[in-house]
């Protein structure tokens, strides 16, 4: 199969490289900054000059872009993917984008007789490179069936959410919210423990040794214990952007989410105090400082 | 060994029964309502008429009481454990009580030349019956060493927190806070998902299938999905009491915990709307109703 | 003087009618729905077919539009005010709009050699009809001097905020936030008082008779006491829109405003439960219901 | 009339001095630290050695004590007011105390055939010295009638709340909550304004010049503008104590008050960061620091 792949940031590069190395498919890549494609071209990928060219003649194209506006930019205009993708072809968007954006993109493809699936991923670049991401996918069943073999090379597990593509984006946003809520929870509990004379590492040992034995507590808990807030694995402003996307969906659906408001405010406070480059787990530093630690 | 055991509520009964059945120790039990001791007497426990009597001549006494005032009542007065426990003997408190109360109780025992360990437990009555609780224990190392064999019969794992007994109570309170925070997190995410057309069960499947693969999400998530808020496994007013204990410790240590405030307010709101008998997971009902579901 | 006036909703109509009746200026009006201009034409206003026509040949044009998009629509395109307003002429925007929008509009006018002042108003239609609004105005000093005589006919007092037009919009948004915060404050205190056996009216009497003797407590307090949540004087979704504008400014400036988050969540909850037509004071109903009243 | 007066802190001294100077009544005073009574004795007050002695033979006794435990201490024991006050005599408590405490004190007096009125006051020592306090009074109507002439000398206005004494305490607590909510409101709005280029003083001018023209905004707004957080007029830990009393009443009545939780958390955070001696308006400093100011 001949696959198009749009967007070669940290996540996109890792996914595309893994596909080139393991899937046996021919991959045509495009990135706004072409230099980032060099290592992929070196291992056999073809380089497209525009998103349009990356989509031309393909039956399936994947995209992994930084945000909604980057996706819009890659789709529209004379050089855009919408102009290049053949009728009947399938666009699988791996990006974390707004629910409303996914609905718009689905409609744009539908107008042109193209097909669209949302398949946002859970995991960091190292998981992407190893094909160990988790994927939430939604769209028409035949479209999901068609995407599945490639998604199986990208991730360790694919969850089918439903037939409306944006439902997968909603689930992904819920997941990111839940991660930040777990970080806030640990941060507050650790501040209380520390001021009460119990080491953060000890508290984490008890939590992850009992009811909280999950990657979200182990991974982020260790960062909080070691206070590794810079350099950022995932910058606070990106986390804030995601929380805004959750908030927009919640506003539109008329769902009050006070815990979302709390973590959003703590991200904002963290950025105000610590700068734009801190990791989103930096809310742990904020909570500690607010406790006088 | 001859063991005293004070407090035969749902948890205390299950623990004591397990000890009688598996530990080979002679157990002398006391409960405010003697009738609750009958099944234990039937399997071989001795019945004490007062806490004092339950402690008399023992080298170690365990207690599992409903709250701080029940513990105070069992300790003090002419019939109290303080009056009965021999010099040098050890009191191991399994109850979830205030940090400040644990400090007071430790001091009271110390004045009498008695010893004290806090060893609050994580788990429900079925885990207690099976000896599968988790235990956070703190106190002087020799005291912990002495308690350890019996604790090993009570729980599947003992975490040593430190040499100040109340530190274990602080860890236990942090754990209960973290459970309620996880419930709030799922409740908000599920409300958003549901109004956006994604079934709660589907969201839970994705969460527990990825980063959130822990008992706290599986157990409480299922309750939220099935909306099993009555009959209560753990009543909301008891949860509120625990959150107040966390709040008292936080106030005293000067630690602001806005997420604690949020879950406390949601418990209060849930009780105001649904009555005193609802389960503490009922905050999921509150969150859903507040979203217009 | 010959004045242009764009936007004849409830507020715009009242302001323009007052100007026609009291200022002695010739007024040319435009509204998207021309029928709404009839009563003004009847008292002597001229009717423009487009915003461009309303601005043509004028030295000063006022606008009072529902939101940012209505303002953008009236400004842009071949029929827009930007195309009609002479070089050197002044646009005074009375609308409650985003800080960022005011910055954009100021820049658009500047590019064309036109001038711009933001002068959002405090008050309801009856105050507008009586020329009793309060006005926060910002822009270059000579521009404010030029607008002042007309603003003096519109309002009872003009506050000069500074030379950057959007600063006035920021102040206006702060004011609306403070109103909703006062409503939330009274709602919570009244719920506590009511469940404790003190009538809401009695509490309000004490508050407004002591430190809280201000219109914001008297006006909104009476609505809360009388539970006049429908028909809406100011609909909750409009209040939510304003709080979002505050939130956008706060996000951009990196200012955490947890009280803003709280009132925004309560508006959202109120709309979810009570529907889109409830007054923004309806958060009082939400707070009371959440207390089991 | 011969009046007893218990408690000569800053507020009590100012009230008692004003009574001695203006009311023409004979006053017998008691204070835990007798030295604080010297200036009163110099102007004609009699000095009692115990609260019992201050109450002996009086038909009416006023008390103004720092908190619930100080009141309990003055009431109970062999030297307490309960032991000294004649049958049928009236105790008027001016202190800010818990609703539950007022209920207990009312019951204690009732058991002894004594009468009790709660009459907490609004205002600072300078208003007390000038007889310009506001008073919320509750109790049996004849008891209020009897207290009224003296209360009229203490304050500029007496609000009758009802016949249950503790209702006045509830109203007083609501008032203190509303003050802190107004401080929080201004603090957040000022942080947003300041980072957006608008001076705090300018924002306050607009607020107090329009809908927010009340002492609470003028007085506390000026403190926030001038950042006069030390020395404290009312220390943050005392504000925290009052907010806890509100919280206890809310917990008991099952009323969720998220804004109360927010200001309580901000007080706690302020104390954690700035120390125990900062004024309760210091939450303005916390909000500003959290915004990176």
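For reference, chains read A, B, C and D in written order, and residue numbers begin at 1 within each chain.
Definition applied: contacts are C-beta pairs under 8 Å (C-beta built on N, C-alpha and C of every residue); 3 or more make two chains touch, one makes a residue touch a chain.
Fair warning: this is a prediction, and the values are worked out from it, not measured in the lab.
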**Chain of greatest Cα-centre distance to chain D** = A
**Message:** Can you check which chain pair, A-D or A-C, has more C-beta pairs in contact?
**Reply:** A-C
**Message:** Using mean CA coordinates as chain centres, what's the gap between chain A and chain C in Å?
**Reply:** 39
**Request:** Would you mind pulling out the distance in Å between where the CA atoms of chain A average out and where those of chain D do?
**Result:** 54
**Request:** Pull out every residue in chain B that's touching 2 or more other chains.
**Result:** 250, 254-258, 262, 269, 272, 290-292
**Request:** Within their complex, state which residues of chain C touch chain A.
**Result:** 240, 244, 250-251, 254-258, 261-262, 264-266, 268-269, 271-272
**Fill in**
Touching chain D in the complex, chain A uses residues 258, 269, 272-273, 289-292
**Parts of chain B lying in touch with chain A, wherever the complex brings them together** = 99, 122, 134, 136, 157, 159, 161-162, 164, 167, 170-171, 174-175, 177-179, 181-182, 184-186, 188-189, 191-193, 195-198, 202-203, 205-207, 209-217, 219, 246, 249-250, 253-260, 262, 290-292
